[in-house]
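Take a look at this one; I'll ask things after.
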Amino acid sequence: MTGFMTSPHHLPGNPPGAPAATDRAPTSTPFSRALGIAALVGIGWLVVFGLFLSPNDRVQGSAVRIMYVHVPSAWLAYLAFGVTGISSIAYLWKRTRSLAWDRLAGASAEVGVLFMGITLVSGSLWGRITWSTYWTWDARLTTTAFLFVTYIGYLAVRDLGGTHQQRAKRSAVLAVLAMMEVPLVHFSVSWWRPLHQNETVENGKLNGLMLFTLFVGLIAFTLLYVWLVLHRQRVLTLVDQVDDQGLDAAIAERRNEAVPASGGAT
Amino acid sequence: MSTWRIVRLVAAKDLRVEWRSRVVVNQVLPFAALVMVLFAFALDNDKVLTRVAPGLVWLATMFSLLLIVQRSFAVEAADGALDALQVAGVRPGGIFLGKAIALAAQLAVLELVLLGAAVVLYKTEIVAGGVVLLVATYLTATTGLAFVGTLYGGLTAGAKGRETLLPLLMFPVVAPVLIGATRATEAALGTEQATPSDGWPWIGLLALFAVVFGAGGTLAFGSLIDE
Amino acid sequence: MSTWRIVRLVAAKDLRVEWRSRVVVNQVLPFAALVMVLFAFALDNDKVLTRVAPGLVWLATMFSLLLIVQRSFAVEAADGALDALQVAGVRPGGIFLGKAIALAAQLAVLELVLLGAAVVLYKTEIVAGGVVLLVATYLTATTGLAFVGTLYGGLTAGAKGRETLLPLLMFPVVAPVLIGATRATEAALGTEQATPSDGWPWIGLLALFAVVFGAGGTLAFGSLIDE
Amino acid sequence: MEPVVEPVVALVDVVAVLGSFPALAGASLTVERGEIVLLRGPNGAGKTSLLRLCAGLLPVERGEATVLGCDLVADRTAVRNRVGLLGHSNGLYADMTVADNVRFWGATVGATVEEINASMQRMGLGDRLADVQVGRLSAGQRRRTALACLVARRAELWLLDEPHAGLDAAGRDELDSTLRAAVAVGATVMVASHELERVGALATRVVEVVGGQVRSVNR
Amino acid sequence: MEPVVEPVVALVDVVAVLGSFPALAGASLTVERGEIVLLRGPNGAGKTSLLRLCAGLLPVERGEATVLGCDLVADRTAVRNRVGLLGHSNGLYADMTVADNVRFWGATVGATVEEINASMQRMGLGDRLADVQVGRLSAGQRRRTALACLVARRAELWLLDEPHAGLDAAGRDELDSTLRAAVAVGATVMVASHELERVGALATRVVEVVGGQVRSVNR
């Protein structure tokens, strides 16, 4: 778990009186900087291929270009939720229990929600063009929406308060349960009457350059995902440490109540 | 004390609370029934009604579920009983199963009433061929809903202000049950030429759902309820 | 102390409670929104949806009304505040109007969200011609609902076990509002070739309703709340 | 005091029911202005019911009851804004902060901002606690808040149901002096309590409530 | 007791938070078997939090806490069924009758019917009250019911939060003798209370809780 995941200062989980993280500790390492650049380049390529090099679609015209954002973002959202689930399991499993897993889960869920949001928006825009409607009660659309809400709920549960361990346990359980909704979304198309595209890609119904562009998008988004998660996870580490330092201050204040001067109820 | 004794104990307690207070019977039942009536009002059009009847029945069930779950844990939270249960060393798994069973029992009664209402208000016919499927749907769906309800009810019961999360957490998760149960019921009732055979796959989904949340709840309830 | 100061005081208090606890925003709003989504999914059929959209909006409003009213009086009953209000000699009429105003305010916000949801989810178009009618509908209906809600909320708040009556009492009474508001909204939105002119008679009904329950409540609230 | 002064509380054979149970079964009691009366008696004897009846919350089933000159049989509501009741429950809004609550309850009787702040200070609810939601307070802090609300009301007749419960040593002394001060300016106090020593010392008279009736106690 | 006997409660610099507030800010306390410890201190000092922590309800944020040999930091749940907690709230189901409640709570620890009836009798909840819904009881009767449930549990460590509040004279004596009896058969008792005289007389040791810390008091 530790290693490149932890922040540059190699700060432990959440130690009592941790080394002051207040001196604007950057959340980036040489590695993550390189990663960030790579992601940028990847997105650059995606723009080039997606907007210029890849051909129009016979039926959909240039609307098809939305796919290069829509599909990768959807798949990355799946990946993100998967990571959240796995690291939650890792937390719940006694031998690997560490708050670092919990923070990774949280970070990944946040990014996942972001990507799912992109899927929803790009999807409905695409829908406006091809189905001439932003939204319809197609199975995949709905299940996607529910998945989106579920993880918003997950994030809400994360800041219910309580100690870090309580937060971790609680949300880990939810994450594992929520993870099982993902296949529901994926297979929804084959289970309900689909209006939405079904496994277009897996069944290789795509022209070569389109497919390639899609994969460019996939790579770029993956790099972006890893980069975002790295940073969020480090930020969350720092936040937990700031909590602890805030607690130190609060404790000091609380102990002052014992000084006779301020007696009474407070 | 064996987990099963605890399960029985907790379930019996919840049912006794209901027996003494009659909240579900006097409040939730009429509510659910009125929901059905109001649906009928809101879309007064027989053709539409019979078509969507199965969906509406399950929708009404879910609103009632929300109320029953809130009630079931309000009772625990009101005077610190949930804490007391934990201090008494009652295994959380036991609490979970016990409350889920009581919840399922109340839900089952409620669903029968709603189905009856559907038959009366929406002129839904129950075809002999579909009865088995219908029963299967009700069993699996009810169990699933009871488990989910108890799980999230417990999670949101703890500290104050939490209960505000219940609908947000619960609805997206029970939505699959709503869908599955609706389709299965449609198949059982032969709505839109659906045939029972179309229904059975859904039962699978519902059963899976019930198993997952049953297991998850039994194992994890402890860490969910202690804030 | 003048009744109006009391009204302002009570209304401000209720809104502050909401401001501090955010229950309506965090719980009822998402609930209502999800109700709309689930309706849409249960019915999933765009033609039906746009046709019944107005009805569904008001149906969802009414479920939310129930939750808000229960909450509004649970807050009073929880720690004996309602008794304290009476002992403080706060005129019941003042309590009624104050709580009704706060309720109406919260309801209004909620309805806007629901209308928005309907536009997005059900592809409801709002035609310029109908806007005035639409606003009139919302004003009259909201006022009416707020009055009814507060009236029955107070009636059922008192002794324990009573709250079980709320839905039973309230829904039949608000049913007319549901119908009136739905028809008026349909007229405003031009659902099924209805024209605004069809709507105005309903506004009359809604206004009458609001006036009756407003007057009734202001006068009779005292005898309702003290058990 | 000379007889022409009418008593603050005059109950004659009062019967009051909770559900179907006669919590008060023929209670008779007279309280003069300026008294501090301790109501003692076993659990379930009817002390709380008696206080709620005097506050006009519990209807009089039989008998005659006059409080502050208002006939409760004819109209329970008239007396209300002139008495102050502190029951077993605090009558606070858990979601609002301490300051919100005291301000609200103060305002219902038109107390000024100064009076409100004064009563909060008096109960030691200054600075830190003022902006904490009541629901998060400790039991005693909640009781203090309720008392602060009561003090802000300047009632003619104080009806206190186990007011000391939950208060710490300082709070108890504060409460006692508050009551003495109130009586000094012409108020009357009835206290139901099981802390006989403390309240006994405070009280000018002790009566015993048993089985829904009132017995005078001579010490 | 000789040092080899490990203490029933051993807290070292314990910190525990409610929300973000450190209700316990470095509390250290050791309680030996058979002691009756009175926790006194101002409102909001942390008494309730301390008791809830010992019952395994409140997690230990920092420091070390061992109760009945169970390490609370490692696992809060292990200790639970061996302690008995009576908090500010009674932990009763208001809709169920007194008998229902006592039976239920008794059953959770496998108490026999005799034990259950005995503890009800002991708290004076026989005949009439047994079938009244708890929600309709008077404050003191409710407290008695909670105590009956507690007595039926035969805990090794009794954690009592202002147990006397609301009890009448008879009930208080009954409670005291109950506690003495429990200690006589090897239990340990911690009582948070503001009734210093009464509980002081009962206690073998008094400690003061202030600002989330524990101070020993020499009398």
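Just so it is clear, A, B, C, D and E label the chains in written order, and each chain counts residues from 1 on its own.
Going forward, contacts are C-beta pairs under 8 Å (C-beta built on N, C-alpha and C of every residue); 3 or more make two chains touch, one makes a residue touch a chain.
Keep in mind that this is a model prediction, so the values were computed, not measured.
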Exercise. What is the set of chains touching both subunit C and subunit E?
Worked result: A, B, D
For this session: Could you pull out the chain whose C-alpha mean position is farthest off from that of subunit C?
Result: E
Seminar exercise, completed: Computed over C-alpha atoms, the centroid farthest from that of subunit A is that of chain D
Exercise. A-E versus A-C: which has more C-beta pairs touching?
Worked result: A-E
For this session: Could you put a whole-Å number on the gap between the CA centroids of subunit A and subunit B?
Result: 31
Exercise. In whole angstrom, how far does the Cα centroid of subunit A sit from the Cα centroid of subunit D?
Worked result: 57
Seminar exercise, completed: Between subunit B and subunit C, the Cα-mean centres are separated in Å by 27
For this session: Calculate how many whole Å lie between the centre of subunit B and the centre of subunit E, each centre taken as the average of the chain's C-alpha atoms.
Result: 37
Seminar exercise, completed: Touching two or more other chains in subunit A are residues 142, 149, 161-162, 166, 263-266
For this session: Pull out every residue in subunit B that's touching 2 or more other chains.
Result: 21, 165, 168, 171-172, 175, 179, 226
Exercise. What parts of subunit D, by residue number, touch at least two of the other chains?
Worked result: 94, 129, 140-141, 144, 168, 170-171
Exercise. Given the complex with subunit B, which residues does subunit C contribute to the contact?
Worked result: 21-23, 26-27, 30-31, 34-35, 38-39, 41-43, 48, 51-52, 55-56, 58-59, 62-63, 66, 161, 163-168, 171-172, 175, 178-179, 182
Problem set entry | Footprint of subunit C on subunit A - complex, ascending | 133-137, 142, 145, 149
Exercise. Contact residues on subunit C for subunit A in the complex?
Worked result: 34, 37, 40-41, 43-46, 49, 120-121, 123
Seminar exercise, completed: Seen from subunit A, its contact residues with subunit E in the complex are 16, 161-163, 165-166, 243, 246-247, 250-251, 254-259, 263-266
Problem set entry | Residue ranges of subunit A in contact with subunit B within the complex | 139, 142-143, 146-147, 149-150, 152-153, 156-157, 160-162, 166, 169-170, 173-174, 176-178, 180-181, 184, 191-192
